[in-house]
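Multiple structures are listed underneath, in structure tokens.
Look for chain A in each of the two complexes below; its partner is chain B in the first and chain C in the second.
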Partner chain A sequence: MDKFKQIIADYPFIAFIIAFGILALLPPFVLTDVYQSHLASLIFVNIIVAAGLNIVKGYCGQVTVGHVGLFAVGSYTAGTLFLYMGMGFWVTLPIAIIVTAFFGVAMGIPSFRLEGPYLALATLGGGEAIRLFIENGNFFRSTFGISDIPAPSLFGYNFDTPDRYYFISMTIMIIAVYFSFSILRSGVGRAFMSIREDPICAAAAGINVKKYKILAFILSAMFAGAAGAVYAHLPPGYIHPNNYTVIEMVTFLAMVVLGGLGHIWGGIIGAIVITIVYDLTRPLYKYQLLIFGLTIIFTILFMPKGIGGFIDRYFITKRFKAKTGAEKNVT
Partner chain B sequence: MKKIKVLSSSIVLSLGLLITSYAEAATIKIGVSFRMLSDVGYKHGELITDTVAEWNKKGTINGQKIDLTLYNDECKSEKGVANATKLAYQDKVHVIIGSSCSSVTLPMVPVTEKAKVPQIIPHSTNADITKKGSEYIFRVPVSSRFYKIVQGKYTAENQGTKIAYIYGPDAAGKDFALSMQAYMKENYGVDPLYSVQSGEKETDFRSYLTKAKATNPEVLVISALMDETVRGLVQSYEVGIPKKVHRVTASIGSKVEIPTNAGSAAKGVTYAAAFAASDKRPVAQKFVKMVKNKYGVVPGHDFSQMQDLLDILEIALKKVNFSGDLAADRNAVRDAIASTKDFKGLASGPINFCAPGTPQCRDGNRTPVMIEYTRGGKNFKTKVAGKVTFNPTDGL
Partner chain C sequence: MLLKTKQLSKSFGGLKAMNKVDFELPKNEIRGIIGPNGSGKSTFFNLVSGIYDTDPGSYIEFDGHDITNAPAHKIAEYGLSRTFQLLRLYQDMTVLNNVMSGYHTRIPYRFFDAVVGRKKIWDQEKIIKEEMMDLLSFVGLADYAELNASELSGGQRRLLVLARAIAMKPKLLMLDEPAAGLSPVNVDNLMKIIMQLKDKYGLTLIIIEHILKVVMDTCNTVTVFDHGQKIAEGSPQQVKDDNAVIEAYLGKKMNDEEMRKALAV
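Entry: the complex of A and B
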């Protein structure tokens, strides 16, 4: 067991290959109907967004409330590339990521001079401006939305149903989470965290704060772009500006906060919990917002560091107890 | 002893399965997805719930129980698609009602088509919905392809062709204004004097209206959501657009809030709709009275269309001999709805469906009426200015 742990620690991508294998084999046993596959794809999209949001907000400590705008950029890049040029998923996905990265630069520039609630307001304005631009632009089909965006196909195999598209969204989610982990464990991740803890100290330690702040926005925008493209091609392939409002942004934030800001698993846990809770409360639509509000309030009250923080504390306590127990036995 | 145990448990299991399959066969499931958390949406939900409860109480549908599942789509396509998928595959409903918003109904169509579950829509007017060619879609309201003609023709022949358009960014409002502009250009060769799209949730239209006034229009088209339409009408008088300029709204003009909130500014406003509360037919007056007493509002055509939908569904469900085989039952429900001929309910004209999944067969009501407010305010009055029944292929 220790040897296996060592291999995973040395070659973390193996863990992701194992996770991919498990998730690929899961559908026949767990996903009993098409709707569950659809829901799984939505969870994967949300995980990608939350993982990106965790980079800029959780790791780098920059308050952004405009991430949903970047998600919209990813979706509409994929949608318009299909609409005007007939491009398919494999072309629209990388282009959406690149285009969204540029928007990430624009969204990140205010972070040079603004902090906290001021930065939140600036990014909120940016996100809303993107949505309103799409809504009022005939080029983007305005409020009619873009429909019939085709699902991808590979070697003649069409991923045009929710149970097939599951494999596309799951693969991209695994890759995104792998990158998220890699970033956190790299020097870049440590630079992000030092900026989060104290930007002045980070600068004194030789970290180029501006460069890393903008890099955090770019990286997180790339995640949002990928999620947006995956979402746009999700059957039946329809996007509409109504799906990128402040309410969606608050939902993404709730995922990260519930999961635990800055925790590796935070965004993932949050995305799964929020999407499932939302689905389970679907028939209780009259009380849905109340349930969400209470969930966030109780999380902040009883688990200020989210579910991720709670789990971390459990393991730290366990390790501490094991260590002190062992020391006691020695004495 | 062991054999007896095995035998008895097999019998119990078989009985259980039999009871379950019987229960499934005996229960008809109806799924609903539309914007529930708006004042009117909530009341429409109540209307459906009450009607189905009455069916169950009276055993109207051949004594079979109806299970109703209501979901809120918040007028968002993503939620509508999720609701349709859940209703079709998880809740295994026989028929789906919804959505209200065209932008939600549009992406629901491929979902219900793939799942082979009939979908009947109460309010969405966007012409593209039935053009998708699904055999499982049915539209009770009048399609925008008929509205644009009736409104365009009436306006050009009775009000004038010098038109200024102010429209909102919502799909229905924009669709109406742009379709009407295209129709006027195509049939009368006239371009709009002024055409502008307002911003989302904009409340002050005076700058647009002042510009529109400067073009000296004969007709002012205000096509937006309810609040925006009310404000547009009131502000048109504030900026001094004279009374002689005809005010026109999209079918949203049928909502009771328009004359109530716009007050005297609603007087003279014309709009095309599928129902008028001033309809003198006994069936219409009975319905208006019922809605007033039960739900506390004067019904616009959104309410009447929902009632018509439920009545059509009731007739169709009665025709179906439910077998317990979901796929076969869904097709039977589809065929039963498609067999609706000359249904005379609250709508302005008879509703007809037929088998092929074409707009000709699935745009049920082809009779929009032109309605004019003769008095605004709480005690508003309307008159029917004209009524046309179109051919199935018109406007395609």
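Entry: the complex of A and C
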């Protein structure tokens, strides 16, 4: 067992291959109908967005409320590339990621000057501007939305039903989570955290604050772009500006906050919990936003580091007590 | 000279916080900086470490590099490390992460390697972690490595800030009131650790301190600031007897006649 742990610590990607294997074998046992496969794909899309949002919001501490705009950029890049040039998923995905990265730079530049609520306002404006631009432009089919975006195919095999598309979204989710894991566990993640805690001290410690801020925005934008493309090609392949409103943004934020701001698995835990709860409470759709708002508030009040931080805390306290003797109590 | 400033000036609006200061610091020296509150000690640190931009005409040189108005992170890369009067701990990070973030300038791998998660990253990280744990045990915080920095006591925080500043293996370490708010026993303990670290890493030190005993006991040379100007410099004994210094701290020495005049009012 210890040897196995050692191997995982040296080669973390092995853990991700194992996760991939488990998730690949799961569908016949868990996903009993088409709708559940569809929901699983939605969870994976949300995980990608939330993992990206956790980089910029949770780790780097930049309050962005325009992330859903970047998600829209990813979707609509894929959508329009199909609409006008007939491109398929394997071409639109990388292009969507690159285009969204550039939008991420634009979204990140205000962070040089603004922080906290002011940055939130600026990015909120950015995100909404993107949505309104799409909604009012014939180029993007305005409020009709873009439909019939084809699902990808590989070696003649079509992933055109939800239970088949599951494998596409799942693979990309695993890769994205692996990247976020690597980034956040390395010195780059530490640099992000230092900037969140104290930018002046971070600069004095040799961290190029502007560079790392913009890097955080670019990285998280790339996640949002990938998620957007996966979402656009999700059967039946329909995207509409109404899928990218502030309400969606609040949902993404709720995921990161509930999962644990600045916790390495924060976005992932939150995305799974929130997407499932969101689906189960569909009959109560009138109260959903209220519930999410209250979830954010209560999580911040009583569990400021979210579910992930809460679990970590338990083990850290336990280990500390074991090391220094139980009579010394922390916190 | 490791650090050299010429005509170093800084004004905030009409206030001259730093006024044409020439300062030279040879290698391996322990330099104390004293002066009343508002005399420009911390401003001097902020100017040298690049937190503030200097006024035109100033010149700062560090280890052969012209660092006038260079960005703070660049100056840190040249090997200048500092602590802050208000500590500026990364409250919401673990003690270990606090120290490891101080290692940033020495990280050997490139950013791209980190994104794709190559094996050498995890090997390097392991080495960094071990080295930083050694440093933490040296200052006596190894048991607390996993706790958040906000959970430490005041004295432990001072030690953590010190460890974080040392982590980058600086050539010059500037300490802004390292012993403020500590009890006498803890002050002695802290100064002992600082001296051990100096020998271990071959540091040059600048210490701002209000506890004069610390300055007088440990520093080779003392520089005194008042109203943004350097008013005295020399060995602790010289500075102690300097009239300008006494005046700055206690007010002007009066002769009998002046005294009589002052009391007659």
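Of note:
Methods note: the second predicted complex is superposed on the first by the 314 of 331 C-alpha atoms of A that agree within 3 Å, B and C clash if a C-alpha of one lies under 4 Å from a C-alpha of the other, contacts with A are read in each partner's own complex, and residues count from 1 in each chain.
Methods note: a residue touches a chain if its C-beta (ideal position, glycine included) is under 8 Å from a C-beta of that chain, and two chains touch if they have at least 3 such contacts.
The structure displayed is predicted, hence computed values, not measured ones.
Following the overlay on chain A, a side-by-side fit with no clash is recorded for the pair chain B and chain C.
When the two complexes are superposed, the chain touching more residues of chain A, out of chain B and chain C, is C.
In the overlay built on the shared chain, the residue A:V34 is in contact with chain B alone; chain C does not reach it.
Applying the stated contact rule after C-alpha superposition, one finds that A:I183 touches chain C and leaves chain B untouched. Shared-chain residue A:I300: touches no atom of chain B or chain C.
Once chain A of one complex is fitted onto chain A of the other, the partner contacts of A:T324 are limited to chain C, with no touch recorded for chain B. Across the overlaid complexes, the C-alpha centre of chain A sees chain B and chain C at an angle of 140°, to the nearest 10. Touch criterion not met for A:L25: it reaches neither chain B nor chain C. Here's the short version: in the overlay, chain B gets within 32 Å of chain C at its closest Cα pair.
On chain A, the surface touched by chain B in one complex and the surface touched by chain C in the other have no residue in common. Residues of chain C touching chain A in their complex: 49-51, 71-73, 76-77, 81-82, 84, 88-93, 97, 100-105, 107, 109, 111, 114-117, 119, 121-123, 125, 128, 143-144, 146-147, 151, 164, 168. Against chain C, the residues of chain A that register as touching in their complex are 9-13, 178-179, 181-183, 185-188, 190-191, 193-194, 196-198, 200-209, 215, 219, 262, 316, 319-320, 323-324, 330-331. Considering their complex, residues 33-36, 38-39, 42, 132, 135-136, 142-145, 147-148, 161-162, 235-240, 242-243, 279, 282-283, 285-286, 288 of chain A touch chain B. Listed in rising order, the residues of chain B touching chain A in the complex are 36-37, 69-72, 75-78, 81-83, 85-86, 88-90, 103, 106-107, 110-111, 114-115, 126, 169-171, 174-175, 197, 199-200.
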